[in-house]
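The two complexes that follow have chain A in common; it is paired with chain B in the first and with chain C in the second.
Our next item is the complex of A and B:
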């Protein structure tokens, strides 16, 4: 199932990027967001974290552009052409000149900043490759989960009655199954792969956002401007899409940003449980998973684990800091609005 | 005489609450002629806003529902219309403005977009809409309408927002405008401006206005007819001049007595003792009996009907023999209190 869709994951970063650019451009025109952006620009921490995220995104984009020079060639990504180093025989420590873990150390082709892994791949390159997987996972999952959550949340909040009951029932059922169990079950059915993981994570992670948007819709439904809109003869669809949705977006964007870090972490955890992306896809989770045996070796092979978790840590921290800053920047207006 | 524009007959709007059924609007009947202004006056919770919302069928669901009655608009019963047809009545035929101009506009859209949207929702053209929006903003006396078109609600003052709300209601040239306490949330100085603006626009557009207010004083300048509501019922309804000259129902008299006036300078204002009875449990007789200064024997047990007492003036009070329901022996108060 879903095995011939690799082009989708090639396209994914661009879809995510385009969606973000369009949203930012639209948002920039409203006073709420242009003021929030101004406040963000004055916040150095937010700017640093945004720069970090952009750096990761840039690496991910480099890793998504690929071509081959001749018919017989393999496709090679831009990142591969820039950052890939010649292969070594096996492990080597950061900045070492000879291999480790062999009875007789062999000289290396060149020095590696973060050493090499068991099959001699440069760890820097492997870590950079993980960026794409992490961001695609976060972005694509959000793209799947957010519309789902918004749709159900708004329908439940606006129409109430049986629609509300139905959505709340689904929510309660989903949230009473341990999420890791549900993920395992879904991955068993869908098979391994980046897209499959996105779908599985999307299905399990929309619940909390759905609750949030339901509550917000309930709040806005009782506002005077919605009553005024109804009194002026607007249809339900129009009220939902044109009046309530734009009022939900600030909160949704904030909670999605804060949720991204959780999704990136979830990938690492699932890959560690060997339920994540397939091994041939570079991912930090796979690297951390590989470190299980490496840590037991003598001498300890720590650089793979360290650089993967380091990269993960920095990205998750950046998302959290940025999400917080975004919330602070938007919040004062939310209170008065 | 021409057919009335709106005829509300025996409207009952009830609410299901944990304490039982609340009869918020309990048998309200009135009519409005084209171009005429009817004011409905009453204290908070007497059901005047619910009457207005019932006409547009915007009673808060699921608790509230229209139990019975007829709402004839141009001879058609609005209660028989399907949701889709009702949608075309709202905004196009009957428009409504609300008490709170601060929250009646969507905070994330410009004024212009919200004005045009009400037109587009009724199959209007967006391009001509902007022109019309600008015209109307000028008509409601907003300086620099072009700038306001591109402003957001939070950039405007309360008075400006209420002007925008009026403009929005007029976008589709409705035949009837329902104004639910349009000036209550505004400063006193702005109140008068908004009211005279409404009166002016009403003449110009030839529309009828249903003005809901708790303030008899405000209503005096605008209304042709005034209905006084108490405890879910209309207790007195009359041409404005007649009502102000000689109020017939004791409640109306109390309302007038509690208005500050020049004759009473230096004296304390009259206050009405007691509270409105529990709407989930109306008393069996006259609902005003417990607070009424002119109460006599049959009042607590006999529910009066709304009956003509002086020409077009109708009152629901047992001081007038006509108000005794059929089959109940007419009694007169021992002390002569009819003034």
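Our next item is the complex of A and C:
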């Protein structure tokens, strides 16, 4: 069904990055956002979390640039060239000199900061590879779902009548399926893969965004500035894009940012259900899932779980903190408490 | 009241039709029966004849419109048929699973609400102080940990390090709570951050109301304001969020049940996912939606029962 999408997942990080840069540059010119950015800059926690997110993004970009030196060679990414270590025989503890879990420990080629996994891969390298998948899931999903949600929500809210009924009906149907079951059903049908996961997550996250933008459009439709624009004879498209959309964007961007952490976390749950990304793609969910057996071993293999869940935790925490800070900066009235 | 409930139930019908339409499209059009058959038989390396036979056995060989009609009538009458993988009756499987699922759910719900609310009130009591700020930060920390990590490390900590026994499984009888204690504890801790933050917001919203100022002006002590006046009014949104959790929990304990080998509905669904059992997953998606819609209706009704200002029209 969706097999020849390698080129898309190669391009994805750049598309996400370009979209973010363009959005930030355009937003910086408007008074609302430049004021918000000023408030954000004064918030040290927000700046730290932004730095953390950028660090993850940098690793993801390193993992997306690949080339080969000769025709017979495989494509190797920049991250692979920098961080990949020669394979060991099997498990080894962090900073150990011999392997673990063998009757007779073998000496290692070199010391590994976070040890190695069952087939001898360096855990640091495996963890770094997860960055790209996690950020593609968050970024690409938002990039797919947000414009669609905005379009349907605004059309429904602005034109009302049957357009509203239709969108609302689809929305209600999708939102009355528990999201975890909808995700499971979609992934079973679409099959494993990064792009498939993005589509499935997009379908589930589309619903709430669409409802939000519908409600907001409904509110703005009756405002004076929209009536004035209509009285001046502007077309509906122009009113929607030039007048209503800019007023929706702050709320939409906040809710997308707050939703990012959920998207990244969903991958781990789906990996547990064996519906995540295929094993050859680096992913924290698969690493965490693999740790279930590793923890039952003697001696306990804890480093795989610790580094994957640590990396996931830090990224999600950064998204959460940054999302909260962004919300407070854009609209202090929405502050919790 | 009765008229309102009946009307809400009638409104649910078109939504349910939509849900069954969505499941039909997903499992018959997006994934064709041939693909389903191949996935189910993949271990046996099937010949085309075997696939045809499997399709016939499971009723997938009819033309699309006929299948559509069958699907709609069966689902609407709650006839889920047989499992694709084991040929068991799906209703029978659900009946077996309800008991363990409900007992786990009740434990998680009661303990969870109690703990979340206590922590939220504690944090709200010290609002604006360092305790509040650190409590909130702790909530964000707890929210940032993956559910799967909670499960894996929770079982490891309690089972391997604290030597709690039994660390998984289920047995009916007087000592059933022993089996449920650990999954319930992990379920409570994993949702602690999220709900504490939510309940704190509800409590603080009430704190800014005029009646609180009036009570304070009359010299009511801070404790009585919080527990006597604010808590009563904050109970409405809190109750709503608790009621909406009920159907969610029945399905939401998917991972919890499967991880601790509890033979409930959630565990059964996960097994169906593992064995590519599309019939069971299809039934579960529909049943989950029914529970969800019932949850929403219950929420509205409970809202009206608790808050006399809400008029049902």
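By definition in this document, the second predicted complex is superposed on the first by the 331 of 337 C-alpha atoms of A that agree within 3 Å, B and C clash if a C-alpha of one lies under 4 Å from a C-alpha of the other, contacts with A are read in each partner's own complex, and residues count from 1 in each chain.
The definition used in the following text is that a residue touches a chain if its C-beta (ideal position, glycine included) is under 8 Å from a C-beta of that chain, and two chains touch if they have at least 3 such contacts.
Keep in mind it's a predicted model, so treat the numbers as computed, not measured.
Chemist: Could you check whether chain B and chain C clash or fit when both are placed on chain A?
Modeler: Here chain B and chain C can both sit on chain A without a clash.
Chemist: Regarding the shared-chain residue A:185, is it in contact with chain B (first), chain C (second), both, or neither?
Modeler: After superposition on chain A, A:185 lies in contact with chain C alone.
Chemist: Touch test for A:30: chain B only (first), chain C only (second), both, or neither?
Modeler: It touches chain B, and chain C stays clear.
Chemist: Under the stated touch criterion, which partner chain does A:18 make contact with: chain B (first), chain C (second), both, or neither?
Modeler: Neither: A:18 stays clear of chain B and chain C.
Chemist: Going by the contact rule set out at the top, does A:316 touch chain B (first), chain C (second), both, or neither?
Modeler: second
Chemist: Given the touch rule stated above, what does A:274 touch, chain B (first), chain C (second), both, or neither?
Modeler: second
Chemist: Return first, second, both or neither, reflecting whether A:242 touches chain B, chain C, both chains, or no partner chain.
Modeler: In the superposition, A:242 contacts chain B only.
Chemist: Report for A:224: first if it touches chain B alone, second if chain C alone, otherwise both or neither.
Modeler: After superposing on A, A:224 lies in contact with chain B but is clear of chain C.
Chemist: Check whether A:169 is in contact with chain B, with chain C, with both or with neither, and answer first, second, both or neither.
Modeler: A:169: touches chain C, not chain B.
Chemist: Who touches more of chain A, chain B or chain C?
Modeler: When the residues of chain A touched by each partner are counted, C comes out ahead.
Chemist: Between chain B and chain C, what is the shortest CA distance in the superposition, whole Å?
Modeler: Minimum C-alpha separation, chain B to chain C: 13 Å.
Chemist: Using the superposition described at the top, list the residues of chain A that contact chain B and also contact chain C.
Modeler: Residues 336-337, which sit in both footprints.
Chemist: What residues of chain A sit close enough to touch chain B in their complex?
Modeler: Touching chain B from chain A are residues 30-32, 160-161, 223-225, 227-235, 238, 242-243, 246-247, 336-337.
Chemist: Could you please specify the touching residues of chain C with respect to chain A in the complex?
Modeler: Against chain A, chain C makes touches at 14-15, 18-19, 21-23, 26-27, 30-31, 127, 132, 136, 140-141, 143-149, 152-153, 156, 160, 197, 200-201, 204, 247-248, 251-252, 254-255, 269-270, 273-274, 276, 278, 281-282, 284-285, 288-289, 291-293, 296.
Chemist: Flag every residue of chain B that touches chain A in the complex, lowest number first.
Modeler: That would be residues 56, 58, 61-62, 87-92, 95-100, 103-109, 117-118, 121-122, 152, 154, 165, 168-169, 171-172, 178 of chain B.
Chemist: Can you check the complex and tell me which residues of chain A touch chain C?
Modeler: Against chain C, the touching part of chain A is residues 169-170, 172-174, 176-178, 180-182, 184-186, 188-190, 261, 265, 268-269, 271-275, 285, 288-289, 291-292, 295, 300, 305, 309, 312-313, 316-317, 320-321, 324, 336-337.
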